[in-house]
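Alright, structures below, take your time with them.
Below are two complexes that have subunit A in common, paired first with subunit B and then with subunit C.
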Partner chain A sequence: MRYFWNFNIVFAQIDLLLNGLLLGLLLAVASLMIGVLLGLFMAFLATSKHLWLRVVSRFYVTLLRNTPLLVLIFIVYFGLPDIYVRLGKNESFVFALSLYAGAYMTEVFRAGLEAIPKGIIEAGQAIGLTPLQICWNIQLPIMFKNVLPSLGNYLISLFKDTSLAASITIPELTYSAKKINTLTFRVFEVWLVTAALYIVACYLMAFILRRVERRFAIQ
Partner chain B sequence: MDENLLQIRGLEKWFGTLKVFEGVDLDVKAGEVVSIIGASGSGKTTLLRCVNLLETFQAGTILLDGNPVGYHEANSKRKRFSERVIARQRLLTGMVFQQFNLFPHMTALCNVSLGLIKVKKLSKAEAEKEASRWLERVGLSDKIHSRPSQLSGGQQQRVAIARAVAMNPKILLFDEPTSALDPELVGEVLNVIKQLAADGATMVIVTHEMRFAYEVSDKVVFMDKGKIASMGTPAEIFEERKSDRLKEFLSTFNS
Partner chain C sequence: MLYFNKKKLFNLYEGAIISEEEEGEEKMKKFVRLSFLMSFCLLFVLGCLTGNAESAGKLQEVLSRGKLIVGTGSTNVPWHTKNNSGQYEGMDIDMGKILARGLFGDETKVEFVEQAPDQRIPNLLADKVDICLQFMTITPARAQQIAFTVPYYTEGIGLILSPKSQYKKYDDLVNAVKGGKKVTIAILQNADAANNVQRMVPGSKDDQYENQGLVYQAVTSGRADAGAVDLSSIKWLASKQPDLYVDSGFGFNPQLYGGGVKPDEQEWLNYVNTVFIDCMAGSTYELYNTAYAKWFGEALPIPAIGKPLMYR
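Moving on, here comes the complex of A and B:
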């Protein structure tokens, strides 16, 4: 048995793949940004002294974290139009991925907030800062420094999750690869190149994030 | 009466069902230095934290400069002031913590100037000028751009003192300011506190440094099991040692 490799036929369509990669990156960054805001909000609820606010946060995390992402995408993309909420493909996907990311971010931020020694917050109170000023000037900066490594890891993981956008025909990398696959039937070549693109992109991201982390650590 | 900067009457506090104090009365006059001594668990730190409103208390009143802080009566019910009001009331006191509690993400200068900018609403330039003046006073003019992690414990505590006094509080509260320090660093912190006392600052100091309490205080308070067991001049407390309990406590220190 002999397999005749032919990568040229894949490389001929490389811009389709690269555009897909870029789209996936955009989807991940957009979802991360919304997810971070959502996660911050929910993390503050989770550390609130009011029980019912903690319950709201807990409920959100439990629900979203235990639903497979693909199911969530289908609920948003196929379900919402039935209740007259019409979103485009990309918007639907970002909506689903943000909700999902937000649940994980909630846990990351909650741990980051809880790791701040109570005395440091009391020191802020002692000089007369209001709760909002303490949050903004003390808790958020310390927390972000604490969680930067996990945040970076999560961005990479979100980027890989964008491959699920193929399931609702968003032309990101996986979808584009599938398309080239149907046109050329070079199964192995297409998917190997696709995997390589994911690996290189993730590796670069990790490299840049480590740089950023180090910068923040020195400051 | 009205010359009392701090007046505590009938203070009571519980943690759950555990009573921390009962019927604590204490007066501190302007310019006075009061030390609180006593065994661990006698309630001295909690008392100080009540004055700074970091702890709740269930009964009694605390008057700072003649005004009740922490709680007020509304429809004959005792209610805690809102967090914003409490934040303002805390400006009357400055607190120095056992564990320094500097903001780890900020330089010494920013630690001191943050409150001046955010609470006193000074411009950044004015605040930094004021902050560096105080850092100089505590002997750290060469460390103003250092972060807490680059400073020794004694230096960190001196930054924390500068942070508290820069806000110009009426009373300075020290919660065991040297207990977390290596022995060789205790002196530099105590000297700064002595200097502030000599300049006329009003202070309440919870401490285990008996010699220091003897030297610096106008009044010494001995707390035992949530009560003020003895109170008097340093000579009365350390030399006359009126009660058995006080004798027993002081005999554990070789002073």
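Moving on, here comes the complex of A and C:
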């Protein structure tokens, strides 16, 4: 088979790809932030003394973690308008991705909370801290240090998940790549450049996150 | 008591301080990372090149394999869908069966491989399928990448609406844009998508989806005000599911549908062309006419004796 490589066609539209990359990053960061809040809330429910709170959290995690993300996106984007909930494209996607991320975060934070030695919390109680103070000054700081590596992992994973936004015509990297594909038919070149962009972006993220981890590591 | 060190947080981006003894280790790590990346790239390129081995020719390959492999889809009536028992059916599928009958005298000796529309060209080039029969529009740009068979249908584009929509026919859409309203048209992602949408409803916005099924989803869920799809599909859907779809009464843009094969397989291309021409204008005309009547609801005449059909 003969194949003539031509990367110029792709580089001529590199701004389309770079804009897509940026949008993907924004979507991932937005989803991560909402996901972290959701995950924190659900993790505290999961470690609560009350059975029904634990059930709520378990139900959420089981339901969301076992649904493919693409299905979730379609339900939010195509399904919700049927019950008169109409979010915009980006909002729909961030909503779906945060719900999904939240389920994973719940498990991460739950593990982080459970890994805190009981003695430290008891020490806090012994010096007369209120439950809220214990949570803010003891549980959260230790937990965040514990879970920082997995949080970083999920950010990278979420960033790659943003490629699914292409299915509801959000112009992120994968969508832009497909668009250039259909215009130029330079399939190999377009996907190679796209893969390289993903790799570079993820690698940079991992690099920065590694630095952050080292900074916050428990000595 | 433990404190969450906020000062440290602000120092975050000033970079970690690396001591001298760590530096050697750091260099080693960099080297390992770099070599990992390099080998990844190498694997990538090798992967692209391995599909290049010369074979004895596609026709012989298909014949000795004993079955034909057709790349197609499953989400577009009346071209290629799956029926309730999971069997592929549609006009593209029948063209595949006609080809299998020509090759082996048996229309069941064909395997349909499902692929997304944007995989049509890559799968041919990577030799994953023998032929692509997936309502493929013949375009000069595509013909630089793959070879097309003779066309087997002339398609047009129309606009499909939802009965729930505020727009009841084509003119409503055009007037809405003129009146300053935002009209969104869902369309399958393809080379002319943006252009075609502008030609149909000037000033409207195009949402390009990756498969036809999603275009219909967008219309029924109200995500798009109309869907730009093939006229053949609109006619089929509006007659079968009038509660979900309405024909806007608009149509334009003739385009030829042909099969796609890998370039450099002239013998194979000639063979497929022979079978296709024969079924449309020659001795096996009944096969094409039967399929046509089934999927487009129109009985074609028997090819007249004398000068061949396509030269009249």
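Things worth noting here:
Operating definition for what follows: the second predicted complex is superposed on the first by the 217 of 219 C-alpha atoms of A that agree within 3 Å, B and C clash if a C-alpha of one lies under 4 Å from a C-alpha of the other, contacts with A are read in each partner's own complex, and residues count from 1 in each chain.
Criterion: a contact is a pair of C-beta atoms (placed from the backbone, for glycine too) under 8 Å apart; a residue touches a chain by one contact, two chains touch by 3 or more.
None of these values were measured; they are calculated from a predicted model.
In the superposed model, A:79 lies in contact with subunit C only, and not with subunit B. Once the two complexes are laid over each other on the shared chain, residue contacts for A:48 go to neither subunit B nor subunit C. When both complexes are overlaid on chain A, the residue A:3 reaches subunit C alone and has no touch with subunit B. Legend: residue contacts after superposition of the two complexes on their common chain; A:62 is shown touching neither subunit B nor subunit C.
After overlaying the two complexes on the shared chain, residue contacts for A:122 are found with subunit B alone; subunit C is out of touch.
The partner of subunit A that touches more of its residues, comparing subunit B with subunit C, is C.
When both complexes are overlaid on chain A, the residue A:138 reaches subunit B and subunit C alike.
Residue overlap on subunit A between its contacts with subunit B in one complex and with subunit C in the other: 120, 124, 127, 137-138, 141-142. Remark: subunit B residues 52-54, 83-84, 87-88, 90-91, 93-95, 97, 99, 101-105, 114-115, 118-119, 160, 163-164, 167 touch subunit A in the complex.
Chain contact summary for the complex, subunit A toward subunit B: residues 117, 119-120, 122-131, 133, 137-138, 141-142, 145. Contact residues of subunit A toward subunit C in the complex are 1-3, 74, 77-79, 81-82, 86, 120, 124, 127, 137-138, 140-142, 144, 166-169, 178-179, 181-185, 187-188, 192, 195, 199, 203, 211-212, 214-216. Of all the residues in subunit C, the ones that touch subunit A in their complex are 1-4, 8, 11-12, 15-16, 37, 40, 44, 48, 51-52, 118, 121-122, 125, 127, 141-142, 144-145, 189-191, 193, 207-210, 214, 217-218, 221-223, 262-264.
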